[in-house]
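The letters A, B, C and D name the chains in turn, as written, and every chain counts its residues from 1.
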Amino acid sequence: MKPLKYAIAGGAVGSFIGPIHRMAVRLDRLADLVAGSFSRDAEKNAASGAELGLDPARVYGDWKELIATEHGRIDFLTICTTNESHYAIAKAALEAGIDVFCEKPLSLSLKEAEELGAIARRKRRMLGIPFTYTGYPMVKLARDLVKNGELGTIDKVVMEYQQGSFRKKGAGGRPWKMDPKIAGPSCVVSDIGVHAFAMIEYVTGLEVRELLADLSTYGNDNGLDDDASILMRLSKGAKAALVTSKVATGEENGVRLRVYGRKASLFWDQEDPNYLHVKYPDAPERIWKRKASYIGEASAAALRASRFPAGHHEGFVEALANIYDEFVAAVRTRRAGDFPGARAGIRSMRFVEAALKSSKARSQWTAL
Amino acid sequence: MKPLKYAIAGGAVGSFIGPIHRMAVRLDRLADLVAGSFSRDAEKNAASGAELGLDPARVYGDWKELIATEHGRIDFLTICTTNESHYAIAKAALEAGIDVFCEKPLSLSLKEAEELGAIARRKRRMLGIPFTYTGYPMVKLARDLVKNGELGTIDKVVMEYQQGSFRKKGAGGRPWKMDPKIAGPSCVVSDIGVHAFAMIEYVTGLEVRELLADLSTYGNDNGLDDDASILMRLSKGAKAALVTSKVATGEENGVRLRVYGRKASLFWDQEDPNYLHVKYPDAPERIWKRKASYIGEASAAALRASRFPAGHHEGFVEALANIYDEFVAAVRTRRAGDFPGARAGIRSMRFVEAALKSSKARSQWTAL
Amino acid sequence: MKPLKYAIAGGAVGSFIGPIHRMAVRLDRLADLVAGSFSRDAEKNAASGAELGLDPARVYGDWKELIATEHGRIDFLTICTTNESHYAIAKAALEAGIDVFCEKPLSLSLKEAEELGAIARRKRRMLGIPFTYTGYPMVKLARDLVKNGELGTIDKVVMEYQQGSFRKKGAGGRPWKMDPKIAGPSCVVSDIGVHAFAMIEYVTGLEVRELLADLSTYGNDNGLDDDASILMRLSKGAKAALVTSKVATGEENGVRLRVYGRKASLFWDQEDPNYLHVKYPDAPERIWKRKASYIGEASAAALRASRFPAGHHEGFVEALANIYDEFVAAVRTRRAGDFPGARAGIRSMRFVEAALKSSKARSQWTAL
Amino acid sequence: MKPLKYAIAGGAVGSFIGPIHRMAVRLDRLADLVAGSFSRDAEKNAASGAELGLDPARVYGDWKELIATEHGRIDFLTICTTNESHYAIAKAALEAGIDVFCEKPLSLSLKEAEELGAIARRKRRMLGIPFTYTGYPMVKLARDLVKNGELGTIDKVVMEYQQGSFRKKGAGGRPWKMDPKIAGPSCVVSDIGVHAFAMIEYVTGLEVRELLADLSTYGNDNGLDDDASILMRLSKGAKAALVTSKVATGEENGVRLRVYGRKASLFWDQEDPNYLHVKYPDAPERIWKRKASYIGEASAAALRASRFPAGHHEGFVEALANIYDEFVAAVRTRRAGDFPGARAGIRSMRFVEAALKSSKARSQWTAL
């Protein structure tokens, strides 16, 4: 199939997230990058365009200009800017009829997220969000095992998303995540807590109904949360507990999910992502392996999301590519796919606001 | 050294916990079993005495008789009965001047635990409690690494104690743990939550000051808690999150402790107990191994608590034996040792009562 | 930088190895695919070209035609055909002045491999071979730790490359690997044993001088080896033991390397590729993590070969991309790089022939 | 049941192996220690007797005296002396009608081992040998899974027994293992290689028929082997590869067993001994857990050899106790049991001699 054409806002060469998006899109050659507005810094912007082989005429100093000029010429826009501009760019792009793939958090407030959802619906545009961990094949398998009843009724979810980045040398390198003007009213909850939240709802198929939160600020002079413990009550009587942190010293990207059902439980560790552990009360534990011969029967989605044979490891870039695959297929067919969209983005902001509200109210149970 | 003499209340042959105590005491030949009151069932009682090679005259149908007859002839009494009789037996034994080693929970209420503590103090008797996980060498190493400042200021503890026993076939086999008349007002919190609580305070050297709890009853018809999520605030600004369950399907004895300090964090898994993982923000993770050549420098206690060379695994029985070692040394010397005693027992009941109270009050923060 | 242009021989859409090469080349956008001769099956060939978006005029039914037409228009040729044609295609391409990236084994015989090496040298063409496991960042770190003396003098290497593919349902799907006319005189040794051999020499910097081998045929009707145990003597008094198999039931791609030096040892497992374990006699084991902050100091190559932060896993495609990165840099600069080339290809054939010879001679020690 | 009475030759207080034997015997209170000849050093001997609470009259300066005086008063003799005296003590004890439990290696030569076997047979005495790893419940499960056909026909065994003890500080502490006068003609093969050999035959139920060996001496001035690679051919067409070392720097007690059958394979790691991994070609890997509810159906022996519930770890002392359990039952009943005896001891010496012979003959295949 002919690759689509896309543009990027933000994500200059040398940034953390920009190169990942470009690699993910290239992996399956879903789309060719044809335009961009990479940085407010004119030099960096031009250099990024050059490095990426773009026509200089399509490298814009301003995302407004990009949208004004490129709408109709690009199939979608990827937004990799810092948080505070997600809403405005996504809104403008959607209004201009451009499908949007926007980094999380979708916005700085629930209200903005809801507005984006409404615009996308009204303009019939796709809105994709890289809750990347839902793109891992073994997470899709987890979801399908739950859906197929392998675990029975779900009682409890225990989830960790632990990073120690704020304890590293040079942690000041990404100070914007600590700055409420750019990052928004939350740090750890809106930066990585939302990933955890999205995974819980994705894997269990349940909805978080209320939560209580205890946010802390251990290593951030700006006062934004950098550690959180959150208890949740989900639909159908299930519960969840989440710990998430930026000051979990020595942790790299500790996304660990445990789902306990009445018949079995599952465990997935993002730092060992090609395996899914399923434990039974009265039978040996099973380790499912990515793209093993038996995967397809349990989860067509997990099989489809795999590229290389079991034993040949896939990782982060493939997970993001899987989300792009579904997003691009949706852009092509105008039909929903298995990728996080407006609903997940809105719910995640609902989660952030409830967590902030609960924590301020001495950890009262708070409805989402 | 000549072994002491001891008696057991409860713990008939065929019970879960009795044989473990006897093996632990035998391992280092700390004491010889000379008397017992193993079961209210006369036949079972006699059979246990016979099997254990006791003089039938010293096998008692009633613990009161045992205490009345044996005080002065035994060095200590181990109490392995069901929860509801711990208090009465321990009280009688202490009052009779017998040192007591009593299974957890120490009592059914905080008030009773405090009373036992007071009696022990007044009678100058030792009161030991098998918070067995604090007996593992690598847990002692963890405590000493924290004490020596290897982790820096502690910010957060994340702890799991997850069992799936209530989801197993034949879970009804130990129904008394589900019965409030025997087990007391709590199931999971007082049965295993207290182990977790004791470990947190033991390893960090901090005190839990307040907590909020969300207890659940998923698999217990009697209404006692079988799943709990508990957030805690500790002295010196640290926090902790604990999940503990009896319905964590497929878990065997999932005691997992993570302590995050500003300089390093540590991880210990009771199901892989001979290793302690220490993670740094900017250096390779380190795995400390039990009784390796370098252990003693970091923790004399960890070294002393080890028997076999690294690579020759020790487990549960050695951990309990380590607690007995310290308890018996205290009985011999009348000096405190590195074993959980009245204070830990009282604090653990404080924890249980606070958890029950908080959970009933919609998870309000509750002082210990 | 502007991507190069390249062509592929073999590797039709739907094949195992073709898509991996294309993804690896795309990941860093090293080169654009502009031509190919994908299959002897005309329909499949055309379909592959179409699927890959090639100009139909540049999709050739025959690799000879491809070379004849494309030389001067492409920067390099990737050869993904079955073993028996590697030599002829590589020879023709090199003679035509095309840089070649050729799947292993480089040829069916040592003589052919040496001839290819000679031609490459004479024509000053690059010859790259995907001994992919040497492309993993943690393997580069392993090599550099050895080089820097962290392990001291190397005494012993213990290596496994265990697959169970011939025991899987549908193992007949790739019967050509079992067919001596296509696969050559060896199956397991030339298909995966050569990877292990290449890793041993790459990581230790030592040369295998002699070996003894015991090859077996457990699951292959054609009589080619599908299991092998090989002992080796290396330069500087080191030794190595290798087991490799296609009938190691249940193994996926079990590449496990242990290198024992006098001061330390290392362990790397391809199925957990983002970590390198280093063990000391009298200090805690260390786990190095890919792209952690401390990696660069120990190994600039390991850092350069990493894309995403520690905790965001990389896998097989990145490893192959790393080899392509170095190969393409060499093509651009005409200077040797850190990728396996003619020398590694020739030595690996020397290894295959010595193993076959030794095994036939009742496992006599045989010089390479 | 009333404990038996036993004596020990060697194994003074403070030695490595003596205390382990005593703990193992105590764990299940199989026997009471009543006599001993612990050391040629009179002071050490007396001190050991005192520490162990023995009647000084039954603490002998010489094992001959012990045997002469104690035969008829003890049920068995445990021999924990250094290798060179095993044969003479065992011979004298058996001739005196005493059942013997003797540390490995059974003797310094095959001839001696065969003689001991003949005497035991003639005198109808039990001869037990602590090939301790065969006492682990999960090793018994492994054996029974093989026996029950779960793995199908066995093709290959890959085994490691890697220690780094000779690279540790203070490795000179046990120099006798390096001294041919005390240790015998081999070091690593006869000290730990025999454990590996015994496990291979125990688990597979097959017999090693011939082997080739390449022994090395890397760290031992006395010239005894401290590293070995050994290939084996077993009955029924199976093969095995073994690496074993005392200079595997950083390894503690790395006993790792992989058995590959046509239907499944298994993996057991002595450093994680409560689990057995079984891998299938086309189904998820299974992890069996010690004393889980489903163990008994697959292996009555594995269940019987377990004390504590799954999740409460057992280790080295329980494994040795399991061997003693079976040995003591045999002593009581005069019937063979599931413990390594004369046959295993003789075969292991056959293995040692074949390995030495092969290695001297440039690794020729050598019959056992």
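Note that in this section a contact is a pair of C-beta atoms (placed from the backbone, for glycine too) under 8 Å apart; a residue touches a chain by one contact, two chains touch by 3 or more.
Computed from a prediction, not measured in an experiment: that's the story for all the values here.
Listed by label, the chains touching chain A and chain B alike are C, D. Chain centre most remote from that of chain B: C (centre = mean of CA atoms).
A separation of 54 Å divides the Cα centre of chain A from that of chain D. Inter-chain centre distance (chain C to chain D, centres taken as mean C-alpha positions): 42 Å.
Centre-to-centre separation between chain B and chain D, using Cα means, comes to 35 Å. Residue positions of chain B touching 2 or more other chains, listed in rising order: 168-169, 251, 278, 281-282, 285, 289, 292-293.
Of all residues in chain D, only 278, 281-289, 292-294 touch chain A in the complex they form.
Across the complex, chain B is touched by residues 1-3, 16, 19-20, 23, 26-29, 51, 53, 163, 168-170, 251-254, 270-274, 289, 292-293, 307-318 of chain D. Chain A makes touch with chain B in their complex at residues 151-152, 155-156, 158, 160, 162, 164, 167-169, 212, 214, 216, 218-219, 227, 229, 231, 239, 241, 243, 245, 247-251, 258, 260-265, 278-282, 285, 362-365.
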